[in-house]
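Here chain A shows up in two complexes: once beside chain B, once beside chain C.
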Partner chain A sequence: MTRYVLRRLLGAVLVIFVVSVVTFAIFQLGPALSNTSPVYYYIGKIPFPAGSVQLKLIEHRFGFDQPLWQQYWTWLRGILFGRKLDDGSTFVNCHAPCLGYSFRLNTPVTSLVKQALPVSLSLAAGAAILWLVGGVTVGVISALHPRSVFDRAGMTMALAAVSLPIFFTGPILILVFVYQLKWLPNISYVPITQDPAQWFRSMILPWIALSFLFAALYARLTRASMMETMGEDYIRTARAKGLPRRKVTLRHGLRAALTPIVTIFGIDVGTLIGTTVITETVFNLRGLGYLSVQSIHTQDLPVIMGVTIIAAIALVVANLVVDILYAFVDPRVSYG
Partner chain B sequence: MTLPQQGDIEVVGSFGLIQTEEPSQKAIEGRSLGRIAWNRLKHDKVAIAGGFTVIFFVLVAVFAGPLCHLIGQSATAQHQNLTDPTTTMPLGSFGGMTGKHLLGITPISGNDILAQLIYGARTSLIIAGLATALSLLFGIGAGLIAGYFRGWSDSVISRTMDLLLSFPSLLFSIALLTVFSIVPSFLGLSGQPLRFAVIIFVLGFFGFPYIGRIVRGQVLSLREKEFVDAARSLGASNYRIMSREILPNLLGPILVYTTLTIPNYILGEAGLSYLGVGVLPPTVSWGGMLSDAGQFYQVDPAYLFIPGLAIFITVLAFNLFGDGLRDAFDPKSTR
Partner chain C sequence: MTVEPRDITRSPSGDTGAYLSVNDLRVHFPTGDGIVKAVDGLSFSISRGQTLGIVGESGSGKSVTSQAILGLHKGSKARISGEIWLGDQELVGMTEEEIRGLRGDQMAMIFQDPLSSLHPFYTVGRQITEAYRVHNSVGKSAARKRAVEMLDLVGIPNPDKRFDDYPHQFSGGMRQRAMIAMALVCDPKLLIADEPTTALDVTVQAQILELMKELQREFNSAIILITHDLGVVAEACDSVVVMYGGQCVETGTVNDIFYHAQMPYTWGLLGSMPRMDRDRRERLQPIPGQPPSLIQVPKGCVFNPRCVYQDHVPGDLCKTDHPQLLMTQRGNEGGLLPHQVRCHIRESERERIWTEQISPTL
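Now for the complex of A and B:
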């Protein structure tokens, strides 16, 4: 068991390493291909004419004149131990974990991420609970009563839901519940520590919009998995030896049917930090996705780089947790 | 030496056993998997309706120019005289719908929405179609090589695909598109063509491991079949076995995958354009239209619903058709 966990851990570290190299490489590509000094994408302006000694000096201070692997190492060391940065006029001591410094916003990327993370986490956690419960419930009821009215209605809804983009359903939800019915206030994110009731009211529509799509996928998946499981021999055996139907369905059927759902749930929650981008934009939530989209418009490379690497780490960690949990849940997984 | 395909085998004869059901002169036919699937699909009304909607969408995209000529509008012509000068909103009800502008006009610039919708279909189709083609190319290539040769090439390809699947692909796509938005030209491309190429690349590239895994799994079992052994014993080269013996047997799963991937890429392109990193104005896209409509939907909801419903209907049609196709190819399906 320990060996299995250690091996997975090593694999995860490797993936994070590769992801960080790729992220770094992507952002070196732009300045290199556009023949612009990388200084522009780091401080938002070219303070001195191209080719001037002063510009060369700033490039030197950022380390842009060093070989790429060395620049990567400086970036990585900054994340681990912190680094010092300056753009020629401001001198910044960026503490570890230093994901970079946005000279446009005069803020370390780490603190931007720290501000945005609770918003994204609130959104992701609430939506995940909602779609898991909703999707699995609909899927199980549909599987137990195939071809019933509920099954047909549920599956039709599910098919419609996977074809609806969030940037269409989101505005409709706002239009109906905020502007027409006036059931919900027109507010942006309120921290849970500040006012839990307002936090809930500010998040309910984003949760519904984001979970709608996933709930549909999970309902279809649970239905298929549950129907397959209920056809297995051991279910018939359990029924034959006189166990009540309810117990057979929940203990024997549902538990086995849920294992593939758990895998996909882990991956989906992991990628959620990346996929909340559109939901955050629609509902004007200042989360990680919103931050990266804003930084795209201002071409603030350090921020986009920081968000991307954080999202990648979140995904890898989620996969790791699922893999390890799986070994406990599913007796067929070998720990070798 | 392939498995029976599209009526290669036509067993004509009178076995007499089953003929009790239909005593006419109709011959019993050995049917190929493709033909069985087609017969099943023909009876699936929902899938057929989806298929016709898909064809309609493709025709609209292909004949965008003549269609706009027919309705007498262009996607870029502005009709600011039809918008309220103070609020910039279209005059009249339902977003300015009139006999001339059937689906109304956009706020501020007063573009004809129907014409934009027609050209948006073209953008969606070009990007989703080419991105699917790209992921098929990569996916089939990688899956064939990994499944057929196994060994170290399988390890390398499978690990790479696993790694790609654990990338936060949307953020990487955004990152790549951002980087390329500051690159003036690359590989001889620049401007909108470069933009299209990068969108097609990110969608297709991050999607290929899905088809790659499916193909690899199928090839792993196909390569052990007798007809492959037979071909090999006749001296067929690896390339010939892969392209002429194995590949034709993969057409079913590939076809199903294709119809279910195109709608995903339509949504993907719309999402990127909505975020402002995809197709940029003046090129029209449904995602871009929704992004624009998002600023006005409280006062002009019609502008929001038209591109939204267009995306919904198109994607739903592809999904219904793809689901029907999958059921038709599934031997376990009873329909």
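Now for the complex of A and C:
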């Protein structure tokens, strides 16, 4: 088991390394193809005419005249050990992990990410818990009473929810709960460390909006998985032992039915950073999604790269956690 | 015949009455195509210390019968009527919650496929302790001790270590032993084994049957052994119910069935029984034709579409009249399960066919 975990860990590190190389290469390729000096993507303007000595000097300061692998190494070393940056007018000491420096915002990318990450994590974690609990509960009840009123209503709603996009449900939620019913204040994100109650109230609508679609998918998935499991021979055995219905359903039925759900959950959580973009935009949350959209607008390359690498790491880590979790969920998985 | 006659008078002292009595049991499933009459008017009895075999081709209603006894159809759409007496308790009229208290405690079951019948995500030991702790309020360690004891009893080596193994880490025979340990952990008075050896190879099959006999001697339990293999019946049972199309077509002691069979379907089963002393081609004589539809049960005798002895009955009786399950001359000698046959052919004629045509070919 330990060996299995270690091997997976090593694999994850390798994947992150490859991702960092690819990310770096792609974002160097862009400026090269558009024949624009990379200086533009770093400071937002080209202060001197192309080909001028002054521009060359700035490019030299940034290290753009060095071979690509060396530039990559500088970037990676910055992440690992920190680095010093200057564009001629500004001199910055960027501490590790240094993801770069946004000359547009005059802020290290790391601090931008540090501000945005808790927002995205709050959103993702809360929504994931909500849709997992909600979806699985509805799915189990539906499976235990197929074709009942609950089942029909639940599955119809699930079908509808799958086809409702967040940029539709989000504004409706705000309209109803904030402006008409006035149950929730019109606030944006409050850090949990500052005021947990306000944090909760600021996040509840985004959670609902984001989890709605997933909850619907998970309800349908759970229902199918649970119906199949409840027909298995070992369920009959559990009943033959004289176990109470609840234990048969939960301990034996749901336990087995959860396996495929864990798999899907791993994939969904991994790609959640991408999914949160729309939610963050609709609810005006300054998370990673918002940050990446913003930086793409302003063509702020260091920020784009920083967010991309963080998102990639999040995905790899999520997959790692699920792989390890899976080994616990299904003892038949070989650790070899 | 290589079958040894068994001493059917072997009955525990003072234990004369039946422990389980099934009277006119019917289990019908309403489906989209019509009502499936999986069990239709079945009766039998068994006392403690005895083993009853239920034989019949697949689809004859054996599993449905056994699950009806444990009340496993409760909560489904199945319509059940008749009576099932376990000791002095009637099971058909019980609620799910009432019968749940008896399951695993008074009566337990072993299933055909031990791999799919054990939960893949829990250790074997945990599944046994769970069965024990439902009916006995003991702590974890006491339950573990009991489970290890049971694993040891059913012949699993290193039971303390194997306790923590998952079912997929056991061999087929070991899994069935573990199932038996789980079924017997609460000392049930009735054990139902539904084709317990079908999924196992012949050597392991013999070991498992031997183990069940040993445990029966130790716990004095009543055993219902369901099988489609008459060889297993000859090996392990005291009395037999032959089922066809959800009905009992012949019943009696092992001696009655193997030496005085009187129903054409039983003759067919005996003829298709695998025998060591015959060569391969000769021994395989399956009964021609298909098992009956349980939705549109054949008119008259259920077996009539496949029966080749109908010319022994005057007129169209076999196709028009449903024969009663009637006591034979031998049956009048009494016993818990007297020899009874469901057939229109006259008894003297059936005896003649048996001695002249059937018995010599077996």
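Rule of thumb we're sticking to: the second predicted complex is superposed on the first by the 336 of 336 C-alpha atoms of A that agree within 3 Å, B and C clash if a C-alpha of one lies under 4 Å from a C-alpha of the other, contacts with A are read in each partner's own complex, and residues count from 1 in each chain.
The working rule: contacts are C-beta pairs under 8 Å (C-beta built on N, C-alpha and C of every residue); 3 or more make two chains touch, one makes a residue touch a chain.
The structure displayed is predicted, hence computed values, not measured ones.
Chemist: Report clash or fit for the pair chain B and chain C bound to chain A in the combined superposed model.
Modeler: Once chain A is superposed (C-alpha atoms), there is room for both chain B and chain C without a clash.
Chemist: In the superposed arrangement, does A:R3 touch chain B (first), chain C (second), both or neither?
Modeler: In the superposition, A:R3 contacts neither chain B nor chain C.
Chemist: Pick one for A:A238: touches chain B only (first), chain C only (second), both, or neither.
Modeler: The answer is second: A:A238 touches chain C but not chain B.
Chemist: If you stack the two complexes on chain A, which partner ends up touching A:K182: first (chain B), second (chain C), both, or neither?
Modeler: neither
Chemist: Who does A:V15 touch here: chain B (first), chain C (second), both, or neither?
Modeler: A:V15 sits against chain B, while chain C stays out of touch.
Chemist: Give one of first, second, both or neither to describe whether A:R147 is in contact with chain B, with chain C, with both, or with none.
Modeler: Once the two structures are laid over each other on A, A:R147 reaches no partner at all.
Chemist: Looking at A:Q299, would you say it contacts chain B, chain C, both, or neither? Reply first, second, both or neither.
Modeler: Touch status of A:Q299: first partner only.
Chemist: Hey, is it chain B or chain C that touches more of chain A?
Modeler: Result: the larger residue contact count on chain A belongs to B.
Chemist: Quick check for you: in the superposed arrangement, does A:R255 touch first (chain B), second (chain C), both or neither?
Modeler: second
Chemist: Look across chain B and chain C in the superposition and give the shortest C-alpha distance you find, in Å.
Modeler: 11
Chemist: State which residues of chain A lie in both footprints, the one left by chain B and the one left by chain C.
Modeler: none
Chemist: Quick one: which bits of chain A touch chain B in the complex? Just the residue numbers, please.
Modeler: So the residues of chain A in touch with chain B come to 15, 18-19, 22-23, 26-27, 29-31, 33-34, 36, 41, 159-160, 162-165, 167-168, 171-172, 174-175, 179, 270-271, 273-275, 277-278, 281-282, 292-293, 296-297, 299, 304-305, 307-308, 311-312, 314-316, 319.
Chemist: Which residues of chain C touch chain A in the complex?
Modeler: It comes out as residues 67, 70, 72, 96, 100-105, 108-109, 111, 113, 116-121, 130-131, 134-135, 166, 168, 182.
Chemist: Tell me, which parts of chain B touch chain A in their complex?
Modeler: 163, 166-172, 174-176, 178-180, 182-184, 186, 263, 267, 270-271, 274-277, 287, 290-291, 293-294, 297-298, 301, 304, 308, 311-312, 315-316, 319-320, 323
Chemist: Under the touch definition given earlier, write down the residues of chain A that touch chain C in their complex.
Modeler: So the residues of chain A in touch with chain C come to 232-234, 236-245, 252, 255-256, 259, 329-332.
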